[in-house]
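Structures incoming, each one as structure tokens.
Below are two complexes that have chain A in common, paired first with chain B and then with chain C.
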Partner chain A sequence: MRKCYLGIDIGSISTKGVVIDSDNNIICKSYLYTKGDPINAVKNLIRELKKGITSDDVIKGIGTTGSARKLIGLMVGASIVKNEITAHAIGTLSFHPNVRTILEIGGQDSKIILLNDGIITDYSMNTLCAAGTGAFLSSQAKRLEVDIEEFGNMALKSKSPVKIAARCTVFAESDLIHKAGLGYAKDDIVAGLCKSIVLNYLNNVGKGKKIKPPIVFQGGVSKNKGVVKYFKEVLNEDIIVDDFGHLMGAIGIAILSKNYETDKVYNLDFNEVSFITKGEECSRCSNNCEILKIYKDNNMIDAWGSKCGRY
Partner chain B sequence: MKIGIPRSLYFYYYGDLWLKVFKKLNIEVKVSPKTNKEIMDLGINKSNDEMCLSLKNYIGHVCYLKDCDYILVPRIDNFKTCNQTCTNFLATYDIINNLVDNKIINYNIDLNKGEDELKGFYKIGNILKIKKKQMKKAYLESIKELKEERLISIKDNLKKLDSDKLKILIVGHPYNTYDELIGKPIIDYLNDNGIQVIYSNLFDSEEANQASRELSKDLYFKYNKENIGSIILSQDKIDGIIFISSFPCGPDSLVNELVIRKIDLPYLNIIIDDQSSDTGLITRLESFIDILEAKNGKSSISPCR
Partner chain C sequence: MAKVAFPHVGNYSVPVKYLLSHILDCEIMDAPKISTKTAELGSRYSPDFVCTPFKYTLGTYIECLDKKADVLIQLGGGCRYGYYYELQEKILKDLDYDFEYINLVTMGKTDIKKIVKQFEKIDKNFNKIKALYYLFITIKMVKYMDKIDDYIRENIGFEVQKGEFKKLKKKMLLDFSNTKGYFDLYKKYRYYKKQFKKIKIKDGKKLKVGIIGELYTVMEPFANYELEYELANYGISIKRYTNAHYLLFEKRRKVKKYLRSCKEYIKYRMGADAADNIGRCKYLCTHNYDGIIHIKSSFCTPEIGAMPILNKICNDYNVPIIYFSFDTNTSKVGMKTRCEAFYDMIEMRKKL
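And then the complex of A and B:
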């Protein structure tokens, strides 16, 4: 018998899962797009992960993190549900015990985590707007009809990236259109976009933070070689990008689930279970809270969203 | 005759005073209820897009009181040089006057021009046909009672600084901190998670105002000076700071930068607009508490290997 722990990180764009053993070795991993439907994404994810484990493996803990962590935590009966900042830090620390700075740019969120001696000391997250996140890059890629996977390579070819307003997505977009209209090469525009992501991040999320090496860069955008290059250039430090950087949240939450281990053994048969949600507006008072009710096999097992605590 | 008092903005500075004075004078008042979504939506629909969430909320409360004979809307301008309020506070009376059909009771606080609180109440008396002598008595009695009550609140607040729990100073304007929809979800979450909450507005105003000079001698917003003064006065005893502002508050955006640069304590800035989902909020609060717990060795979260 081998003890295993499952970590699931459900983000706005992608859903990530890993199974680790008690020494934090990755047994199997999976990555797929959330497509706005976290429940089915996780069902598919678990189906994939099950192919990687044997009958000798027993799941002793499940952790969920990411923006849909609460919903999915309920669905799989997770032993721990934690925010992605803590999960990312714990995951990263298990590979880079000395890490001082984690840069993370995801689909909707971007954040910076500062650590010292293996303890998170400070962090910051983007505020209201999604400027400078993956969502912005992929919408611009679509506009330029460039495959997002090709974006980084194109940026690397550029010798002189164009300057693009970094402060606001809307300005950046009109700047980009004007530069394209003026006749700048596509490579240079793509490189300019990658650089604007870096500058925006440092001005916005990294504002006032002391960025010290070793620096680890994670999140979907860390796969973009152009962005990595400009981080190196602007910070004048080496930037570590792991192949499995996108899995750090899932790894972190799997590690954390070990702290909550009990006698319980989890099975992973979620395909047969009908799990649906219904949203409705409560009309009991003038707050008109949006209530989300969660049904498992037609029984309501939980509901949330009320201000009064009724649900 | 009924006077409407919106439970927003000024209410959190002057509400107790107004209620006491009107009670002593036997004048009927109606205070709008705690903010709910209906009130907030009412305000958002009537506001223009550049107003801050708090002012939109205030307008909602005013609209809710449309059945009152009068609505009390003061104009709080300044408490002498270098103690300004924000421009919204200057403009509110004119905005409201143009927005609703109710009669408005207005008075100015403009100490630069010698218009103080007592003169303001005489003006109210003038409108409501109350004799000066009677008004003065009600006002002075109320002020005296409130002074004692406030001393007790401040003492209670400062006592919390000696708590064994993790202590977070909530820095923000009371009309945000104590509002049912803006600040309360944050305070509730902290209380539910075993945090000792300390409030920036429950420090001695004069002392906090002086202390703020340690951070900046140029700042001229009275309420923001008191906010950051509370940080100086408590920084050795608190574990972290949560700064609550409403989008897009001008003075707060300045002061936020100031604190980030000059104060070396875990710090979280939460900017509230009319988001209807609290997922983002909970993520930020939860991870902030994780950090404080880890720093203080109170954490159950460790990278066990």
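And then the complex of A and C:
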């Protein structure tokens, strides 16, 4: 019998899952797109993961993180539901115990985590706007009709990236259209975009934070070689990018779930369970809260969103 | 008979209503509780980039005027708050409402003669001596409420039986609103103080967090999405300085003290509570607090000016600080995520 722990990270763009053993070795991993439907994405994810584990393995803990962590945590009966900041820090520490700075740029959010001696000392997360995140890059890639996976290689080819306003996505976009109209080469524009992401990140999320080496760069955007290059250039430090940097949140939450281990053994048969959410507006007072009701096999198991605590 | 209305801030509608109902012979209205509808109404008629308290108070006024209020009461302060009166009067008049607008603080000063004249206009039998007596009781009531609130804030996260503090506080406010005189109030205060001390509290080490920031967002739970409650749920003891008693009576004296205590960081006042918050930040950093939370409404200029200095102080003393900026449509989920991460962080640091 081998004890296993499952970690699921449900992001806005992609859903990540890993199964680790008690020594933090990855047994199997999976990565797929959320496509706006976290419940089915997780069902598919678990189907994939089940292929990787043998009948000898028993799941002793499940952890969920990411923006849909609460919903999925309820669905799979997770032993721990934690925010992505802590999960990323714990995951990274297991691979780089002396890491000082974690840069993370995901689909909808970006964050910076500062650590010292394995303790989170400071963190920051982007607030209202999605400027300088993966969503911006992918929408611009569509506009330029460039495959997002090709983006990084194109940026590397450029020798003189164009200057693009780094403050705000809207201004960056109008800058980009303007520069394209002037006739700049596509490679240079793509490189300029990558650089603007870096500057935006450092001006916005990294403002006032002391970035010290070793620096680890994670999240979907870390797969973009152009962005990595400009981070190196601007910070003048070496940037570590792991092959499984995008899985770090899932690994972290799986490690955390070890602390909450009980006698319970989880089974991974969620395909048969019907799991439905219904949104409705409560009209009992002037707050008009949006209530989300969650049904498991036609029984309401939870409802969220009320301000008065009625549900 | 005139109908008087005033906006909500925390629980202070209890003493204000007590005062007005005793000195004016007119109907004092309970403004509708701030709700999503209030925020919607307020932001519909406000300039987009005005600070959030403006939107909430304007929304409350519109709701009150729709319920046939005649007289509205507003205060003023040392920042954009000082112009709320003029702008809100203009907006409401443009919406074709007919009302009397009483501003208790104009250009940072209270013109007592003018206010008395305005009160006499509403109520012909307005008695100054009687008003003075009830003002005294009200001030004491605010002071007692703030003292008890401080105790609740420190301990609510550790109550053995959930909800006891909230229940007793509700009872206390109801009792306070039926006060008969000063000695009656004092007796009630002593009684409830004892009752609150009797509530069982869990032992063990406590995480201590200080909340500083812009006054309205700090004091009104709806405006900060019940941040204090959220933190208390994690088992955090909360220290907060800003309350009505501080703003009315202690501020004048204490700002100078704060400025002296952190003269290496600031030299002059920066408007509103910015200088106070910098002083408090240094105090919290040097008195073993585990973290600081700075909250403000969006576009609050004095606090934006204070933020880089707060950052520097916290860097110097190595104390974590996070910033929250609240607008009428900020998502609660984002706040919760950050709160949870903040809690994890300070807990990890404490274990070291």
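Convention: the second predicted complex is superposed on the first by the 311 of 311 C-alpha atoms of A that agree within 3 Å, B and C clash if a C-alpha of one lies under 4 Å from a C-alpha of the other, contacts with A are read in each partner's own complex, and residues count from 1 in each chain.
Here, a contact is a pair of C-beta atoms (placed from the backbone, for glycine too) under 8 Å apart; a residue touches a chain by one contact, two chains touch by 3 or more.
Just so we're clear, the structure is a prediction, and the values are computed from it rather than from any experiment.
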{"item": "Clash or fit (per the criteria above) of chain B with chain C on chain A", "value": "clash"}
{"item": "Residue contacts on chain A - larger count, chain B or chain C", "value": "B"}
{"item": "Which of chain B and chain C A:T54 touches, first, second, both or neither", "value": "neither"}
{"item": "Which superposed partner A:I85 touches (first chain B, second chain C, both, neither)", "value": "both"}
{"item": "Which of chain B and chain C A:S274 touches, first, second, both or neither", "value": "neither"}
{"item": "Which of chain B and chain C A:K258 touches, first, second, both or neither", "value": "first"}
{"item": "Partner chain(s) touched by A:N298 [first = chain B, second = chain C, both, neither]", "value": "neither"}
{"item": "Partner chain in contact with A:N287 - chain B first, chain C second, else both or neither", "value": "both"}
{"item": "Candidates 133-141, 169-177 or 187-195 of chain C: the single one with C-alpha clashes against chain B", "value": "133-141"}
{"item": "Chain A residues contacted in one complex by chain B, in the other by chain C", "value": "67, 82-86, 119-123, 125, 127-128, 208, 285-289"}
{"item": "Contacting residues of chain A [partner chain B, same complex]", "value": "23-24, 67, 70, 82-86, 90, 93-94, 118-123, 125, 127-128, 207-208, 255-256, 258-259, 285-290, 307"}
{"item": "In the complex, chain C residues that touch chain A", "value": "32, 35-38, 308, 311, 315, 318, 320, 322, 325, 330, 333-334, 337-338, 340-341, 344-345, 348-349, 352"}
{"item": "Residues of chain B touching chain A in the complex", "value": "36-39, 181, 185, 247, 257, 260-261, 266-267, 269, 271, 273, 276-277, 279, 282-284, 286-287, 290-291, 294-295, 300-305"}
{"item": "Contacting residues of chain A [partner chain C, same complex]", "value": "67, 82-86, 117, 119-125, 127-128, 208, 210, 285-289"}
